[in-house]
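In the two assemblies presented below, chain A is common to both, partnered first by chain B and then by chain C.
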Partner chain A sequence: MSIVTVQLGQCGNQIGFEVFDALFIDSHCPQRLSSKRENEAYQASCKERFFSEEENGVPIARAVLVDMEPKVINQTLSKAAQSGRWKYGQHSSFCQKQGSGNNWAYGYSVHGPRHEESIRNLIQKEVEKCDSLSGFFIIMSMAGGTGSGLGAFVTQNLQDQYSNSLKMNQIIWPYGTGEVIVQNYNSVLTLSHLYRSSDALLVHENDAVHKICAKLMNIKQISFSDINQVLAHQLGSVFQPTYSAEGSFHYRRNPLGDLMENLVPHPEFKMLGVRNIPQMSENSLAYSTFTWAGLLKHLRQMLISNAKMEEGIDWQIRPPLPGLPNLSKMSLNKELHFNTSIANLLILRGKDVHSADLEGFKDPALYTSWLEPVNAFNVWRTQRAFSKYEKSAALVSNSQFLVKPLDMIVGKAWNMFASKAYVHQYTKFGIEEEDFLDSFALLEQVVASYCTL
Partner chain B sequence: MGRRRRRVDPADAAGALPAAITALSRALPGGPSPETFRRAKFDRPEAAPALWRLLFHVLSPRPADDAAALPTPEAQARLVKSVLRSQGYPRRALVQLPEDGSQGSRELLLALSWLLARGPLLERLLAQIRVRLGDEMPVCECEVLASPGPPAPRVEADGCVDIRHLQWLMGKLRFRWRNLITSQQEHCALLGKLLRRLESENARLEAALEWRRRELVFWQWMDTVLDACPPEASQPTFLPRILERGAGELELVARELQALQEELQAVVEPRRAAWEARVGGWGPGWKATQRASEEAVRQELTALQRAWERGGGLAQPHGPHRLVRSEAGTLGGPGLCATEVIKALRSREACLEAALRQLQGQCRQELARLVGALPGFIWILPPGC
Partner chain C sequence: MTQSVIVQVGQCGNQIGCCFWDLALREHAAVNQAVLIDMEEGVVNEILQGPLRDVFDSKQLITDISGSGNNWAVGHKVFGSRYQEEILEKLRKSAEHCDCLQCFFVIHSMGGGTGSGLGTYLLKVLEDEFPEVYRFVTSVYPSGEDDVITSPYNSILAMKELNEHADCVLPIDNQSLFDIISKIDLVVNSGKLGTTIKPKSLVTSSAGTFKKWQEKPFDAMNNIVANLLLSLTSSARFEGSLNMDLNEISMNLVPFPQLHYLVSSLTPLYTLADVNVPPRRLDQMFSDAFSKDHQLIRADPKHSLYLACALMVRGNVQISDLRRNIERLKPSLQFVSWNQEGWKTSLCSVPPVGHSHSLLALANNTCVKPTFVELRERFLRLYKKKAHLHHYLQIEGMEESCFTEAESSLSALIREYNQLDATKSMPVEDLPRLSVAV
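What follows is the complex of A and B.
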């Protein structure tokens, strides 16, 4: 089954390119440890999901590119075409001649409706190329102006058009020290709208990925391209083909559906995060060997202590003792160190993958009281390695990891809103104060739900 | 070259040849257009590449389905020439054709007709490219297929249920519903694809039938093509050598088996005699035991033989088998008869049921023993025990 990707704005388009590139490169990476037939099946599965065919054999990404100005789209299109590996469809992009200022409300209330039909047609064309549609990825930033507003509108549109198809928004959480003064407003509006119309929000934090680049990959001048490549690697290691069941040798037909069924069935809990290990660059791999025990131990502690990197993990944080009553687990203050999970999906790829011991992730103390590990924890194991990483693991989790950042953003936005600062920029284009209040209420509810796990 | 001298109905004559050639063109996979055939009679060079390609496709040892592996025209031409020669194609003019694929359409047409006349070429090609889905079923005794499935989700019967858990389950159900709908859509799309492929295969098969009806006209036309060729000195036809290697090895194996059997007999006889001599002195009780053990051995032997028959009778127990309908009583070529498979499966079922009953009996005895061992308990056995 296929996934159609909608790349929105500068952020979405740059990341989208890296994601398709990572998927393609991994599926064509020569594998020492997999049989030829297995490798061909893996390639075919990846290809069917993310690329469509053309007569001359160059795969075309199943993607629609949207931006309000042409510069980034043109760069993305040419980068893909020049690589010679794959490319975007000739008529899969939509852009306007000029940007229109960084305004969420403008993107949502003006650009959205004005270009709704054109964008919808592009998506429809892409959907028709699929034999069967599993769902959509929508890649966008959360705090941007036009792109985020438009993204919220497009997601809502998809909800109406394709109500049976799954939608996962890949959201880029902004740097804590952002440049746009209204970014907290934008974040609040984006998140609240997406929460209503999307099935899952997979959040990628710029700060975290930046640190991974700096500390672990030894990149001196970190560019957006480096950050996006790390992100693409994370996504690739989640969505590349996996076996459909323990002991099966057929690749899963609908990973998006299976992932969502395992992680986000509850409508109040839609925030997902990805952690992966090892995080070092491919070039350093030759000098290290890994054991599953070591990798999983680190990954588990990263989950528990809400660390994003495999270095500098706080090993002091432990799961709470089983005898404590629920109330003492709840705390909305800064002492919330232990990261309780609702559900986790662990994806293991590589050598001896069936020998990995997963007991650490089945500990009930990791999870909330109303969901037992047998329901909350799932694992997908595949022998075929990801790229050059002989062993690699990715953890997609629905946990409290975003509670603090979200709470902070909502708090700051609320403070600004209390003095009505900059609100006129929004009311000018149809986002009323009531919409703001609704958004605040929804997000407060989300924070409260996650806190009372 | 096969020639058939029978009269053709003149009323058919006018349209018969084009119809025959069209049918042949449609029936051949990747078949050249009817125009190519006509041009080839006059040895036009533009017809040559298509005929070289067709012959390569027909003669290459494995089905060339992926475009990436297609060798150069020179290599194709060389393969065609060598295979034709090894099959005994008599005309030397073909061998002398240049290998760049630019000439020789008439010779190639003659070669194609030679192949068509010799054997069921068309049928073989059609069988190669047939749609393999929809008329096959697996015959497999692998235990790996009988997996127990995912564990049933546990339900807490007592204690208060957190409403969030219920909401979680509801959401899961909703997602499964949506995923089911998407799977159904995929199923429909794949069925559509299958239907289209079957339709095109049907068209090809119909063309093949049409060809069979009209081929007489084609052969008469081929006579004229042959006459149009410049005469060449007749060459002695050389037949390909059939290597006799295999037969000698079989002889050797048969002789070794024979020798082994004689050796076994030679060892068994004195042992049996010695045993009889020893046992003869023992009492009648021993006779009874001996009979019982003989009976047990016989049963085990029949079980072994049955198992052996199962393994041998159900040839190719793994992999898909094609379902073919045939008249009752006629035995087709290789393959299994469905009634035999059913019989074999039923006898296996009987064996397994017997084993199950025996195991259940053992369980019952064990339970009875446990019941006796703990007098203070009341045991409620499941129904049917």
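What follows is the complex of A and C.
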């Protein structure tokens, strides 16, 4: 089954390019560990998911590019074409001239309705190229105007148009210290709308990825290109083909469906995060060896201590002892800063993958009480290695990891809203104070729900 | 791609505009749109005969023999109504040539008659005729020792119009520009060991040869303003990893409609001829942007309250450089309680000619208040004596109420800044949040 990717705004398009590039390069990586047949099946599966019929031997990404001004789309299209590896469809992009001015209301209320039909047609065309559709992957930022506002509108549209297909939104959480002054308003409005219309929100925080670039990749002058490449690597480790239950040569057919089934058991809890290790510069990689035991130990501690990368992990944090009544367990967890999970999916790729011991992740103490670990925890193992990593472990989790950042954004937006600063810029385009209040209420509810795990 | 139309009004406005086109051509080697308005043939003719004669379509010019005599009322009421149709016609034509018109840049001075009076009259016309197009105004405010006696009247009357009809105002004063060129001159002539300055890199230089600023000081000063306008539009014209269009300036820097006055500072003022620029020098660029030496108006943002701040970076600068410097500079700056992280940033890949990187900082800061307070004081001193008032009142449509209304408008603005300043030393408290049933 195929995934149609919708790239929205500057961020969405810049990231989208890196994602397709990472997927392509990995699927054509020389493989020492898997058989030729295994590798060919992997390539075919990747292609079915993300690329369509070749034109002169160059695969075309299954993507729709949308932006309200032309510069980024032009750059993205030409970068892909110049690579010679793959490209975007000639008529797969839609852009306007003026941008959204970082204004969620403009993206949602003006651009949305105005360009609804054109965008819908583009997506429809892309869907028709698929033999069978797994769903949509929508890449957008929260801080700006197009990705956030138009992204929310398009997602709602997809819910109406393709009610049987799944939608996963890849959301970029902005830097804490400003990229955009009104980013907290835009984020609050985006999240509240997506919570109603999307099936899952896969969140990447700029601050976290930036730290990975600095500390693990050792990059001195970090550019958005660097950040996007790390992000693309993480997404690739999740979305590349994995063996289904039947074993080798049979790759999972419905990636989005499987992800949702494993990770989103309840519609009130939709926020997913990815941790992928190891992640390091090529120089360091040459001198490192890994064991599954080591990788899994680190990943587990990263999960429970809410560390976003493999450095500076707090090993003091431990799961609470079993046998405690629920309420005291909750307050104890809070005190310990213990990150409780609803569901976890471990995706292991590489050498000796079947020897990995996963007992650590099946500990009921890691999970909320209303799901048994046998339902809350799943693992996908694939012998075929990912990218340059002999062993690679990705953990996709639905946990409390975003509670603090979400709480912070809501708090800052609320303080600003109380002073009414910038609100006139939104009411100008039809987003009233009640809309803000509705959004605040919904997100406070989400924070509260996650806190009571 | 969006377009902007430059509307140059009055002697000052046209001279600055001229420098702008010079530099813009250097950046683009293409023809752009402009409408030149001046009421004195002398200035406009000079432009037409200069090297820019190919750039300006003479059909876009409007001139009248006698000027406005430093009288806002003449510029606003007399010439305004007389030439409204003709100017509108030219503006419409300019707009038609644009694929997607996003912004009008009005360049003028506040103290005179044409730039001040007619320039602000045009704001209302633009608002009515092109309501969806932004109006950014670059206003040169009169300095203390101004040779135009009536400049306080003209400025106050113009301020009311700016308050009501401009989306964003970038105030500039001649004294600051003069200080900048003095500083450059000091470095150029100091003959510091081993330092040579790349001639084209001076923020004061125009295309072609390196002119001695003493010969034509206004040229050098006007070039600074021209550089400001270029940097403002750079992210809209060129690619970058974090674009910022003009509509984003208004969205992020104007928290309340009245508070749309932005203090600008430009760095670097020159580039040393070193080929390799170590990161330390890059960080110095950020520090300089917050130094009074680089501001285009005299004000003290560091000791006042920031409502918002934009950093528009050009050249080979990446997001980590930007973040590092924001973290470094933040502690010494005070932001209003509801906008503690009030930073808007952009990264444009293409630097200005002669530089490897540059930075334009736009600050919405209460430090503009003293400029307005001083303006009001000078106005009141004149108005109390009714000095020169008859020149204004004899113009049809002018009454004393025009003056009193303008003064109230300015006072209201000053009050808003005062209210914000009062919050400066208060502790930042989080407000109680919505409580929800779990």
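Here, the second predicted complex is superposed on the first by the 436 of 453 C-alpha atoms of A that agree within 3 Å, B and C clash if a C-alpha of one lies under 4 Å from a C-alpha of the other, contacts with A are read in each partner's own complex, and residues count from 1 in each chain.
The rule we apply is simple: contacts are C-beta pairs under 8 Å (C-beta built on N, C-alpha and C of every residue); 3 or more make two chains touch, one makes a residue touch a chain.
Values in this document were obtained by computation on a predicted structure and should not be read as measured data.
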Clash-or-fit label for the pair chain B, chain C on chain A: fit
Partner with the higher number of touched chain A residues, chain C or chain B: C
Touching partner for A:K129 - first (chain B), second (chain C), both, neither: neither
Which superposed partner A:W414 touches (first chain B, second chain C, both, neither): second
Partner chain(s) touched by A:N164 [first = chain B, second = chain C, both, neither]: first
First, second, both or neither for A:V180, with chain B first and chain C second: second
For chain A as apex, the angle formed with chain B and chain C - C-alpha centres, to the nearest 10 degrees: 140
Touched partner set for A:K297, first chain B, second chain C, both or neither: neither
A:V72 touches, of chain B and chain C: first, second, both or neither? second
Which of chain B and chain C A:R196 touches, first, second, both or neither: neither
Minimum Cα separation, chain C to chain B, after superposition on A (Å): 12
Shared chain A contacts, counted only where both chain B and chain C touch the same residue: none
Contact set on chain A toward chain B in their complex: 1, 131-135, 164-166, 245, 247, 253-254, 257-258, 260-261, 264-268, 369-372, 374-375
Residues of chain B defined as touching chain A within the complex: 144, 147, 150-151, 153-154, 162, 164-165, 167-172, 174-176, 178-179, 181-183, 185-186, 189-190, 193
Contact set on chain A toward chain C in their complex: 10, 14, 69-72, 75, 97-103, 145, 175-182, 210, 213-214, 219-225, 227, 410-412, 414-416, 418-422, 424-425, 437, 440-441, 444-445, 448-449, 452
Of chain C, residues touching chain A in the complex: 1-2, 99-100, 102, 239, 241-243, 245, 247-248, 250-257, 279, 307-308, 318-321, 323, 326-327, 330, 337-345, 347, 430-431, 433-436, 438
